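Supplied in structure tokens, the structure appears directly below.
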Amino acid sequence: MADTHSVIGTQNKKGQTFTDTWKMMHEAPRTPSFFTGSEVIKEALRRASCDVMIAYPITPQSEAAALIGELFAEGYIGDYFRGESEFAVMSQCAGAAFGGARVFTTTAGPGTMRAMENFPMWAGARLPIQMIVTCRGINSPLSIQPDTLEIAYLLNTGMLVWHAETAQDFFDWILKGYMVSEEPDVHLPLALCCDGFFVTHTKDVVNLTPADMCLPPYDPYRSPVPCMDMECPPVRMMRDPFVMKSNYISYATHASWQQEIWAAIERSRKHSIHWLNGLIDTEDIDQEIMIVASGTAVSQGREAIRLLEDEGVRCGLIKIKTLRPWPEEEIREATKNAKHIFVPEFNVTGWLAKEIRATIPNPHRVHAGPHVCGGMTMPPEIIVSEIKTTLGMKSFSLAGRGS
Amino acid sequence: MSKERIKISEDLYDIMPSDYQDLVKSATYGKEDRGWKDIGSSKELIEQHSLCAGCPESMAFRYILASLPNPEDTVMVGSTGCTSLVFPMVAVHNIHSLFGNQNAIASGLKRALSVRFPGRVKDVVVLAGDGATVDIGLDMTLQAWFRQEKFTTICFDNELYANTGGQESGLMQKGFVAKMAPVGKLFDKVRLPEIARESGCHYVVNCTVSKPSLVEKVIRNAVHIAREIGPTYLQLYTPCILEIGKNSMEGLQEMRDSEKPAERFAYKEYVSEPAKQLLAELAAKDKERKAAAKQLAGQA
Amino acid sequence: MYNVAQVIDEKCTAKKGCRLCIMYCPEANCLDLNSGKMVAEVNIDRCKGCELCVVVCNAAKHEAILMQAVSATGQLMSKKGESAALGQAYQG
Amino acid sequence: MSQYRVLPGPEHFLPPAAASMGIFLPNPGEAHINGVIVSEEKAYEEAARQFLMAKVPTIFPGPLVLWAWNEKAAKKATAIRHLYNTLKECVQPGQMAMLIPMPDYRPKYPKINPEVEINPNHPNLTIWHNKIDCCMFVGVHCHQANLSLKIIRGGTSCYTIAMCAQAGHEDAMLSFRDASVEKIMKLADTVKRLKGTVQPRQTSAKSGSSN
């Protein structure tokens, strides 16, 4: 039985030192680097002590998945291969996780949808797989452009769902994500989402931890369910047996099992707060006007606030980092002074606005918008315009605005 | 897990249900030449399950579990269907995840076990029905073979969807009238054994489970070849007596009828050149081992 | 109430090496070899009553296995080797 | 802090998972009673008291200790046996300590023999059959332990204790975390120390079998 703590301070075959994750993330020196989001994913994986990565090409995650292949060729990843479809890849990830490996994969848009049957299975089977989702359009007609609609579908799978704003978030959260999702009381898959292209294909300054430090390895014997390697009891063990006889006993087992998955998401709250320094970030929450957003909409909101300030309108900001667990209490508290809550989103349905409306008092305060979709950018001016229009201020109309 | 680790804590031994005490006392984990002959005098690696009375699939499970060369280091992967009524009762770790993705699960599993236990034997064996293997899961079945994944795929071919009530499947015979084939199946039984050979399998067998000694042989070959060389495929006829209108005691005869020359399940075998070489080496070693044992017995 | 297989010890040829019923029984550890008496023995709790053992035993002309009624609690309803009384078979 | 308390059931048609009611797990060095974080010391006292009060105090060891799959597991098994023996010595006539294994996790209904085992998919059957009014889980994988604890809280009035080797269980009425041989032995010591100071429950009106 592997003892995680005993390996700290020792070296892996690449000469990296297994390092206490808190020290690595918070105390070790950081080197500013100018990288694309895809390159940042690679750099995070270099330090993640990942056993198995499985890849499949789909824009805009292909570059990241290919770069991790280079890491494998360099010897940083235990095994790596290209699967035959997203459905198969997610099942291959499950197989590797059932076998006690730390697993990583990436997907996007239609790939997420094709693989969807796997995600509630991952969660129900308590497999702490990490999956990067570089969001893009999913509906016909085909689009490869940024659009976050697929997140709406992931929210009810039982996975942890985090939404990164920047490449720096990505770098830190990939590594911290394993720490949260591998906790025995959580032990759930993590969908780490970002807005495709905006994060993956733009360059940004990212502060990297030392390349000669890496995460302690995953210990499958702390899992809340038996690892399928014939090394642990019980020897007579099926993962995961049917409970579908037509009787109340079977229903009760299945119902309790489902509740346990959502309970595990709740338990991730404590660990997520610890590692991410809270489930939300806030700026200026005393204001009566608040922008609440996740992903790159946060950056656009921040810019809109600067523009509004020039016109004498003060506005606060809430950045939602984790969508599952949902920061209900935090959002309630941070919006308690708000008279108007604006929720800019990169999708047509406004799923984030719906989530917020469902959990705060006086939900009529929520203005679902502005929305853009289908790959549109969201100029800060349209957020400004939306806010000013709602406040009854005169606002010029931006040609081609989306909502 | 070595046989030595399949043991009950001494201080709690007396409270363990007897089936587990039996498992530790008389199952054939760790026995070098385990096989169907251990049946009847050892604790089998299957507990009571809820398959129908007389189901040939039950027989197949017995022979396979008795013949796995290293059950203490074997992980099995199943799929949705009748087999998943037995798998919870099987005394090797096994996985059910979704319908049809068994070869994808096994690909990830085998690679994870290879990363985690380098240099150690960890066999992976897939066992699924024909719907899972040939219809819904065909892409993953074939792609695992294309990639030369080192595990064994066993298909329990009952020529229909049994668990959902007898619908047409790709391995069903042409002309058979079934649910979803109301005027009889319109196309031929899919020739998966041939496809398996062309897809890179190093050992392919098509047969029934009417002879336990034969099942033992093909299982041992398939697992050893998969361990050392590459993918192997066994297609075993396990008729659904319920859906083809037979009585509970008629399964064996149905298999015997179907394995006659020119019938669908006449014994067919394909062995690749490297696999032939491996089998010859294994046979030589086996002979040597038996001779040594004989000599030792003679001295005693 | 249902039928299970019962081996008539005197007719069983296990001591001569016959393993037909043990081999072909679909259920695990249902027909085991009693190595003391050297006869095949049915574990009543595991027998689903498929009669395949009867078929293979009869085909070899040993005719050493009979189907006999058991109660819902798994008790043989008459002495081993004797058939249940008329009307008893389906009372449960 | 949540107003919810994790109390003996039966609670609802389908009781909520305690974590969804705002109950948090203890940090290292802590335990919880009814969902309220307490010192470990307090938890030893309360667990011992509950054992000594019960008509049928029962330990449910799971696969992680029933199997000697590593040295630590075998040692824990010895400690569990010691705790059981201590319980037997310390209870009064009319009380009956039990030691019932959870050997695996496959659903066994309707073939389960509730006298000799407990199963995470239908643990209430074993609780009802043996009229168990206080039990402790140890060596059960956390997921399966949580299934059991919740179903027990849903359908019985049994008091549940978790001696968990990981982060603990909010669905138990009392939970330790980071369980070790030492912690199990310390609980046995506490039972011994409190022997004779706790009166067994007089009535079994709220015992598992009545619900």
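Going by the order they are written in, the chains are A, B, C and D; count residues from 1 in each one.
Here, a contact is a pair of C-beta atoms (placed from the backbone, for glycine too) under 8 Å apart; a residue touches a chain by one contact, two chains touch by 3 or more.
For clarity, every value in this text was computed on a predicted model and none was experimentally measured.
No other pair of chains has as many C-beta pairs in contact as A-B.
Here the spacing of chain A and chain B, counted between their Cα centres, is 40 Å. Distance from the chain A centre to the chain C centre is 61 Å, each centre being the mean of its Cα atoms.
Chain B and chain C have CA centres that are 28 Å apart. Centroids of chain C and chain D (each the mean of its C-alpha atoms) stand 44 Å apart.
Listed for chain B are residues 1, 5-6, 20, 47-48, 88-89, each touching two or more other chains.
Listed for chain A are residues 226, 231-232, 235-238, 241-242, each touching two or more other chains. The multi-chain contact residues of chain D, meaning those touching 2 or more other chains, are 66-67, 69, 103, 106-107.
Viewed as a contact network, the protein chains fit none of the simple shapes, being neither a path, a ring, a star nor fully connected. The chain pairs satisfying the stated touch condition come to A-B, A-D, B-C, B-D. Against chain B, the residues of chain D that register as touching in their complex are 61, 65-69, 73-74, 76-78, 80-81, 99-101, 103, 106-107, 111, 113, 116-117.
Those residues of chain A lying in contact with chain D across their complex are 1, 126, 183-185, 187, 222-226, 231-238, 241-243, 245, 247, 249-250, 252-253, 255-257, 259-260, 262-264, 266-267, 270. Within the complex formed with chain D, the chain B residues making contact are 1, 5-12, 15-17, 20, 48, 88-89.
Interface residues of chain B facing chain A in the complex, by the touch rule stated above, are 1, 5-6, 20, 23, 47, 72-75, 77-78, 84-85, 87-98, 101, 104-117, 122, 139-140, 143, 147.
Those residues of chain B that touch chain C in the complex are listed here as 36, 39-41, 43-48, 51-56, 58-59, 61-62, 65, 212, 248-249, 251-253.
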